[in-house]
Amino acid sequence: MVGASLARVRAESPLVHNITNLVVMNTTANALLAVGASPVMAHAPNEVEDMVGLARALVLNIGTLDDAWVGAMLLAGRAARRRGVPVVLDPVGAGATQYRTETARRLLAEVAPTIVRGNASEIRALGGGAGGTRGVDSVHETEAALDAARSLAAAHGCVVSVSGAVDLVVAGDQIARVRNGVPLMTRVTGMGCTASALTGAFAAVAASPFVAAAHAMVVLGVAGELAAERAAGPGSLQVEILDALASLRPEDVDRRARLEGSPG
Amino acid sequence: MVGASLARVRAESPLVHNITNLVVMNTTANALLAVGASPVMAHAPNEVEDMVGLARALVLNIGTLDDAWVGAMLLAGRAARRRGVPVVLDPVGAGATQYRTETARRLLAEVAPTIVRGNASEIRALGGGAGGTRGVDSVHETEAALDAARSLAAAHGCVVSVSGAVDLVVAGDQIARVRNGVPLMTRVTGMGCTASALTGAFAAVAASPFVAAAHAMVVLGVAGELAAERAAGPGSLQVEILDALASLRPEDVDRRARLEGSPG
Amino acid sequence: MVGASLARVRAESPLVHNITNLVVMNTTANALLAVGASPVMAHAPNEVEDMVGLARALVLNIGTLDDAWVGAMLLAGRAARRRGVPVVLDPVGAGATQYRTETARRLLAEVAPTIVRGNASEIRALGGGAGGTRGVDSVHETEAALDAARSLAAAHGCVVSVSGAVDLVVAGDQIARVRNGVPLMTRVTGMGCTASALTGAFAAVAASPFVAAAHAMVVLGVAGELAAERAAGPGSLQVEILDALASLRPEDVDRRARLEGSPG
């Protein structure tokens, strides 16, 4: 049950180490705090391996990548794998520029992330199928990325989580679909990055990466739905989502969950 | 009419590539999303030229500049000009330190931006007249920057947009004045940077850079006025401005526009 | 009286130069603007010494440190000391990784900050006593850091401000305790960083660093209490704190202040 995973995040308050983009540092740290996890942002090569050693999940997000940050991601990612710390990769903008696509592929190959969480365009750019990212926004429905997600999951032995109107989570032969969330969430910058950060928190406590990826999408989606009842636009939605993440009761999550494929 | 420009931004949702400062990355991305545009932030030399090739406007903002970011701005700016992509330069803090003034001058000379959007102190520092920036805040009224704006516009063949209690937009012999906005907006960090980002979105769709610069200031000013009716201080104003940018109807913008000099 | 310090910040609007972390750039700039100060963020070695020359306080925060930023902090910090500009050091995460602890020690030794403001774990890591930072969050009560704070204050001739449920401010033999604030503030990222930024603003105008450090904690704590009366969770608390900082009346601060040790 999703509510039990949420309760576990709050009880254990796992430290989630983020090497993420400059746009969402504040909002993803706040989302992690709101849901009950403990965020840390650290990117210096001097310390990322030590920090991973304290963390229970690592989130790598290439939204404002450059060579120095990619170097830190590789160092931290390899250290995480050596230590058995789950790694979430958000390949922001893969398919938009060659540099993003190649960096995402390099991280896939050298880090072997536990979970890849992106939008449909990004997953298609990495898993096959025409790219079609425009900047960092997806131009595809998630179902159009199902084959790419399966192929990516198979090639790298990872869980693939594709966010959109209906979220898809693919692990081997298993598929889960999450129908929570509201369209207004696409008008808030970094909502996908928040999904990736929460996926890290759930990966720290869940029974499996497949369960973690699906439960994180439900929790964020339900928080978005509750927030939308009080929000007058994207500015207040961003604020209300943090309040909702903090006040969400496990039983309400379970009642509102629209999750198919029964993970967990 | 300003409302028609706003409708065009929403209909076309132009991709706006920002190389901007670390303080405002989140808020300017959100403002662009709220108004209906599509933001992307990218600063790696490996990809800025590719990203400009996908974008319909480039916004360069030196608010937290360093040599690596300035190098990326030069690369991206030159690529934008080769491709005919309009470039907005926000010379944050020009006049405060020699490094900022010289960097702004170098970007003016090597990129030849389409529109320069700054406060009165910054425009005076670049166009003549005593500087008088204190940090990144202006200590001058915009009318005191009129001669500097004219001289800057003439020297670089660009539009100059000066924000303040009354915004001035200068293009050759033309002058527009925008009397929208509220004083509380000066208590929110990066409101000028938001004006620059929106100017980029309007430059992507407007009939001319002069029109774009004026219409962007009207839209942000009207959003600020509507937000101020609901806000209790600078924190809620920032949130309400995003809501207002998203909900603003073209007819309301036209009704509330206080624009002299009739651009568009 | 605390209210008089607040009034002085508003009357003088001191420029506060921040070399701070990427998570809190926006929120600390907004907090400084809201309280009435004037923030600037600048980290390029090309300009930090010039910028310090314009500023009335310098805030160094190692929350997302790397070697380039530490180099800028050293340059700016030394320039500040040469010019008599007060320096606030926030040793975010000291004790969590060797790099953070060593960097904080280097800044202590080479910059000799006026005020060190951290949580109990960070102060223990620097002043003696077992570390026990987990990421960037404290796992200790402030009273458990009293000896470490005294020892740090004595060793470096600085004021030490320890934030927690009860804030401690130590200067030589003097101790002040601040009992303002609400627990929900710990669920907003960068609230400690905001305390450090405000400490910079008050250091610019107060009679002594001891007074400045204590008054800043009272003002933020009272703003947090007022904000909590209107907030429904951490998202709205962050917004309401900015509104409260801007609307706080000096007499209300004095009435609500829970300050022992009578500084100022």
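Note that the chains take the letters A, B and C in the order they are written out, and that residue 1 is the start of every chain.
The working rule: a residue touches a chain if its C-beta (ideal position, glycine included) is under 8 Å from a C-beta of that chain, and two chains touch if they have at least 3 such contacts.
All figures in this text were calculated on a predicted structure; none of them were measured in a lab.
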Copies subunit C and subunit B - interface residue numbers shared by over half, same or different: different
Rotation, 0 to 180 degrees and nearest 5, that superposes subunit A on copy subunit B via CA atoms: 120
Averaged-CA centre spacing for the pair subunit C and subunit B, given as whole angstrom: 32
Set of subunit A residues in contact with two or more other chains: 22, 26, 238-239
Residue ranges of subunit B touching subunit A (in the complex, touch as defined): 15, 17, 22, 25-26, 29-30, 33-34, 38-47, 50-51, 54-55, 68, 238-247
Subunit A-facing residues of subunit C, complex: 21-24, 26-27, 63-67, 93, 96-100, 134-137, 187-190, 231-236, 238-239
